[in-house]
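One chain, subunit A, links the two complexes that follow: it is found with subunit B in the first and with subunit C in the second.
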Partner chain A sequence: MSHLPVMIIIWPLIFAFLTPLVDMVSLRYRKHVVITFVVGQLVLVGLLIFGDSGGTTYYPLGGWAPEIGIVMVVDGLSRIFIMLIAVGTSLAMLYSLADIPDKESKYYVLFGILIAGMFGLVLTGDLFNLYVFIELTSLASFPLVAIQREGPAVRAGLRYMIFTVLSSLMVLLSIILVYGALGTLNMEEIGRQLVSIPHELRVLILALWIVGLGLKVAVIPLHSWLPPAHAEAKSPVSALLSGVLIKTGLYMIIRLPLLMSQGKDEMMIQFILINIAAVTIIGGHLLALGQRDVKRVLACSSIAHMGYIVLGLGIGSLLGLVGTLFHALNHMAMKSGAFFSLGQMVKDHYDFDSVQGKGRGAPWMAAVFLICCISLIGLPPLGGFASKWILGMAAVEAGQPIYAGVIALGTFLSGLYYANIFRILLNPDVSVESVKTRWLSAGVVGVTGFLCVVGFFAATWITDLIKIVAIGIL
Partner chain B sequence: MVSFSFDFMGYPLLLGQVDGLSMPFVVAFSVIIVPALWYSFAYHRHRNQSIVSVLFFLCSLGTVTAGDLLSFLVFWEGMMILSAILIAVDTGRRDLRIGYRYLVVHVIAGASLFLGVIIQVSSTNSLDLAGLVPAALPFLILAGVIKAALIPFHFWVPDAYGQISPGIAVILTAFTTKVGVYAIARFFPSLSGLALLGATVAVFAVVMALGQRHLRRVLSYHLIGQIGYMVAGIGALSDIGVAAASLHMFSGVMYKGLLFMVAGSVLYQMKTDDVGHMGGLIRKMPLTFVAALVGAASISGLPPFNGYISKTALKIALQGDPVISLLLTVAAVLTAMSFAKLLWDIFLREKPQCEGGEARESPAVLLIPMLVLAGICLGTGIHYPLLTDALVEISIPPIYSVGSLWESLYPVLLGVVLVPITAIKLRHLARRGLHDLDFVFPRLIEGFTQVGRVTRNTLEGHLQTQLLIVTAFLVFLIWMWP
Partner chain C sequence: MWGEIVDFAYWVVVGLFLIGFFGVLTDTNLIKIAIGLNIMEASLLLLLVRLAFSPGDSPPIVSEGILNYADPVPQALTLTAIVIGASTTALLLSFIIKTYKYYGSVDLKEIRRMER
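And now, the complex of A and B:
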């Protein structure tokens, strides 16, 4: 039995507790530790994803039977999210080396715990551990938002905490209800037996899941914690939260309400999701249009993009699910890239007045920012276009062309505000000093830009892979 | 032409497909790019601008030779991004808002095309360019109309081309709107009302042109007017109509390119393109004057220039419809009037206090492409089988007959004679009555931004309100569940 699934969770924890020890000796070794960790993580994840035939693997911890013990499940869906988390966190981690002050040892501790929590979240096979890992990621992410210890960041972190705790409470309540009704916490068992729960109780559980997990993915009207939290954090943290962390909420939405319900319930959930998604796309873009701060615009655009992602789930077809997963991957690349490159152009103060002309100080970073934003708008030849194309096709094929219209309207609205940001960043009337970029950060930014391009030109290959997974899920 | 095909997400993409419809576009684009690039060297602030220009040219070629909807869409959006970059880089120092408005209006076209293509592809499950379903049609029409700058989406042309440097203008004007014409010809040639729309656009645009003071804005409106002619030709609903429209597209690309180059040349010397400040340039810039004369004669449809050939072909295609013919004749009269006035104001009249004291003939880098284009205008006009037989296959009666000559001469004579009488009245009409149309769009953008602000203020409330909303949402879900 390969110990890879648990190794993947333990490896970032080792890193998290090793970093302060190494820092006590000397700060000089920080870079080596971080790079070793990232390489190790990528190797482990690569072995896990591509190491076997791709079927479902069970890993019972300690050898206990799944019904009574703790089991980790590696199936197609978890593989996709593991890949997303591994790539997104590795990039953010490398980027942090240049962006985070040397003294902040606890930044890396929290970061490691957060990574471990996210991996655990997508690997665990029972509800109780799911809850444990949700709490782990939450506890690690509030301080990451507030790491600057300044007024707005702390306020944003606090607000983030309140909503996350609310979400966790709802999930916990639903877990209690499920356990009370079925006497098991194993997710596969629950999936089989959920129909046997009385109707009223089942509705309560499903509604708690939708709202509790909807808070995690920040769909409108459950979004209000996201703009301040993602905007006030440091750039790598913003990229991590926008690009990776909210996708774990998506994983849970697929795993819990969508895959466990059947028949009428499933139709109802899809109906709710598709309408929330449409409201989220338009509302999120309008919200972004009204902002006067570049990072808040990007944060609000994340809300809208979660709308696109949830839209594919609401459509409910195979193509819709492929579009969802593909757009989640693309969004990780392009939103991280946008935050990374923005962080290189502008060091602090992201309101429109302060960033005037800053793009001209670092033209290469501005170019990648442009690529990422064009991809976010959804124009070819970049990844955002490919996944929006699939989502639009899925909407029309499912007989709901109105939602393809929502996607097109979203494209228009995002064109409006991204064009405005370019205009401000490239403003030629302000004199700016050129900004030096460290090679590591530049490399990370370059990789994200490259991923945006890959999302289009390798779309055939990627969607084929995702399709295999999606067929396995449905 | 080489053709490629590769697979994208289960759909075969076909590139480099040239048929009878795309051939004239490919030829026109390939011919104009050489003098246009040459000319633009004098203006480019960056060597990157030339690279972007070439990419833009390749995207235009890709659009008109795309063999399927998806690659058409990809190249279309590529053109949009590249042209917006060209404009933004060019106007940067002066006004970034121009690039912004240009990008926004083209994003609308792009989003509309995206939606239309998606509807089409998922209803027929093929990327075929032909056989459009009715549901997809409105979106493709919107995209084509915006790109081709027909009323009421004409405003972006004077807005952008009226202010960018002529080096960029000669490149952009040659391709962008023509691709819109191509889309119209390709996707909905049998749409009713196209001929009337085209003829109306032609008259409207020329009236607007009469009201302008600035050379590049005048030419921008004439560009829209020429698009109107082409659309009218497509709207004739016959093979000869489409062929005549393609012919006119070729001529239009040549003489509009030439005229924009003349404008650039004048601007280069005068540092202003306000016609009111010019005069007597014929002695200082004789070669530019010759080029301007050729361009003006071509656009007015005078023999023996290529405008004469294509306009005669258009007249033959449209002779069954008296209203359209009348409108196009009015447009021809007004075009001649506008250019007679322009030539007089810029080159011929004596204006002692004019500011062009140090003006002299433009350098060779500007002159040579102009003269090349003038040569093309004259050459294809004289040796017209090059156009009518080689470029498009169109069988028309002898072009240089007395009847056709008179048909093309009398609107011009009428226009020249009427200049002093009606030009002022029309200018008032254009300035007062119709000018406001051009400012609808910036206000529309402003409106969307307002909606965004309102949304922000509504959705980013107090913590208590938001918590209440979350709870209410949970209760609502449970309550509405069947």
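And now, the complex of A and C:
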């Protein structure tokens, strides 16, 4: 039995608690430690994802049987999310080397704990363990929002925290109710037995689960914490929160209700999800249109993109689920890329007046930013187009073309505000001095741009892989 | 007798949860919001402990002649949840302290007025 599933969680923890010790010796080794960690993480994840035939693997912690102990499950869905988390966090980690001053050991500690929490969250097969990991990721992410910032960022972090704690409490309540009804915390067992719960209780559990996680993935009307939190943080943190962290909420939404829903309940959940998603798409884009700060625009666009992602779940067909997972992967690449490249062009103050013409100071970064934004808008030949196209096709195929119309309208709205940002960033009337980019950050930004392109040209290959997973879920 | 007291526990849970929730939603004082979140948390812990126990159960320690044990799992979960709740509260309070140092107030209304 290989110990890979638990190694993946332990590795970031080792990194997190080793960093301050190494810093006590000398700050010069920071780069080596971080690069070693990233390489090690990618190797471990690669071995886990591609190392076996691709079936479902169980890893009972401490050798206890699944009924009494905690089991970790590696199946198709968790493989996809592990890949998303590993790529997203590795890029953000490398980028931080240049963006976060060396003396901030705290930052790397929190970052490591956050990574461990997210891996644990997608690997665990135990419902209460899931709650523990949710809290672990949340607790690590609050200080990250406010790190190296003051005033408004602390307030944004506080607001983010209050909303997230509220959502965790709802999730905890629904977990307690499940345990009270079934007497087990094993997620597979729960999936099998949920039908036996009385209808009223099941609706309550589902409602709490969806509202709690809706707060986490920031669907409208539960979104108000997201724009300040994602906009006030430092660039790598914004990329991490927008690109990776909110996707873990999506993982949990896919994991539980779709397993347990049967017949009438399923129709009701899908009806609710698809309409919330449509409101979120339009509302998110309208919010973004009203912002006067580039980072806030990107944060609001994250809300809209979570809308697209939830829309695929609401459609409920195989194609919809494929679109959802594909768009989650794409959104990770393009939103991280947008925050990374923006962070290279503009160091501080992201409101429209301060960023005038800044794009001309770092033309290569502006080019990647352009690629990411076009991908975010959803125009060919970039990844965002491919996944939006699949979502649209899924809506038409399911006999609900109106939602394909919503996607098209969203594309139009986002085109408007991204065009505006570009007009401002490339404003020729303002003189700017050129900005030097460190090779490591430039490399990270380049990789995200490359991933956006890959998302389009390898779309068939990727969707075929995702389809195999999706068949297993439905 | 036991049944009545135990069922009363559910109403206490619902009551505490709603009191906490109401506080979080309506109050503008950050400290009071933190207290509200704690009350909600406490109600959930109470629910967990209540689930573990039915009248006549003995503590979950294996010994001869005892057949009905209280379920030990929720009690372990309660301990975990208490630890998580304590650390969340600590972090929340430290954020409130930082906010107070910057704005000189813990009232959200006043902070909002200051930002304008």
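We adopt the following convention: the second predicted complex is superposed on the first by the 473 of 474 C-alpha atoms of A that agree within 3 Å, B and C clash if a C-alpha of one lies under 4 Å from a C-alpha of the other, contacts with A are read in each partner's own complex, and residues count from 1 in each chain.
Here is the rule we go by: a contact is a pair of C-beta atoms (placed from the backbone, for glycine too) under 8 Å apart; a residue touches a chain by one contact, two chains touch by 3 or more.
Every value quoted in this text rests on a predicted model; they were computed, and no experiment measured them.
A.B. asks: What does the overlay on subunit A give for subunit B and subunit C, a clash or a fit?
C.D. replies: Once subunit A is superposed (C-alpha atoms), there is room for both subunit B and subunit C without a clash.
A.B. asks: Using the touch definition from the top, say if A:F142 reaches subunit B (first), subunit C (second), both or neither.
C.D. replies: The second partner, subunit C, only.
A.B. asks: Given the touch rule stated above, what does A:L289 touch, subunit B (first), subunit C (second), both, or neither?
C.D. replies: The first partner, subunit B, only.
A.B. asks: With both complexes superposed on chain A, which partner does A:L47 reach: first (subunit B), second (subunit C), both or neither?
C.D. replies: Touch partners of A:L47: none, neither subunit B nor subunit C.
A.B. asks: Put down the vertex angle at subunit A formed with subunit B and subunit C, C-alpha centres only, nearest 10°.
C.D. replies: Approximately 140 degrees at the subunit A centre.
A.B. asks: Touch test for A:P381: subunit B only (first), subunit C only (second), both, or neither?
C.D. replies: So A:P381 only meets subunit B here.
A.B. asks: Give one of first, second, both or neither to describe whether A:I162 is in contact with subunit B, with subunit C, with both, or with none.
C.D. replies: It touches subunit B and subunit C both.
A.B. asks: Pick one for A:L172: touches subunit B only (first), subunit C only (second), both, or neither.
C.D. replies: second
A.B. asks: Using the superposition on chain A described above, determine whether A:G151 touches subunit B (first), subunit C (second), both, or neither.
C.D. replies: second
A.B. asks: Given the superposition on chain A, which partner contacts more residues in subunit A: subunit B or subunit C?
C.D. replies: Of subunit B and subunit C, more residues of subunit A lie in contact with B.
A.B. asks: Could you look at A:T463 and tell me whether it touches subunit B, subunit C, both or neither (first, second, both, neither)?
C.D. replies: Only subunit B is touched by A:T463; subunit C is not.
A.B. asks: Once the structures are superposed on A, label A:L413 by its partner contacts, choosing first (subunit B), second (subunit C), both or neither.
C.D. replies: A:L413: touches subunit B, not subunit C.
A.B. asks: Shortest C-alpha to C-alpha distance from subunit B to subunit C once the two structures are superposed, in angstrom?
C.D. replies: After superposing on chain A, subunit B and subunit C come no closer than 5 Å at C-alpha.
A.B. asks: Once the two structures are superposed, pull the subunit A residues common to the subunit B and subunit C interfaces.
C.D. replies: In subunit A, positions 162, 166 sit in both the subunit B and subunit C interfaces.
A.B. asks: Report the residues of subunit A in contact with subunit B in the complex, numbered from low to high.
C.D. replies: So the residues of subunit A in touch with subunit B come to 159, 162-163, 166, 170, 203-204, 206-208, 210-211, 215, 220-225, 227, 264, 268, 272, 283, 286-291, 374, 377-381, 385-386, 388-390, 392-393, 395-397, 401, 404-405, 407-409, 411-413, 415-417, 419-420, 422-423, 426-429, 459-460, 463.
A.B. asks: Quick one: which bits of subunit A touch subunit C in the complex? Just the residue numbers, please.
C.D. replies: 128, 132, 135, 138-139, 142-143, 146, 150-152, 154-155, 157-158, 161-162, 165-166, 169, 172-173, 176, 179-180, 183, 185
A.B. asks: Spell out the part of subunit B that touches subunit A in their complex, as residue ranges.
C.D. replies: These residues of subunit B touch subunit A: 7-10, 70, 73-74, 77-78, 80-81, 84, 88, 92-93, 96-97, 99-100, 103-104, 107-108, 110-112, 114-115, 118-119, 121-123, 135, 139, 445, 448-449, 451-457, 459-461, 463, 466-467, 469-470, 473-474, 477-478, 481-482.
A.B. asks: What part of subunit C is in contact with subunit A in the complex they form?
C.D. replies: 17, 24, 30, 33, 37, 40-41, 44, 47-48, 51, 71, 73-74, 77, 80-81, 84, 87-88, 91-92, 95-96, 98-99, 102-103, 111, 115
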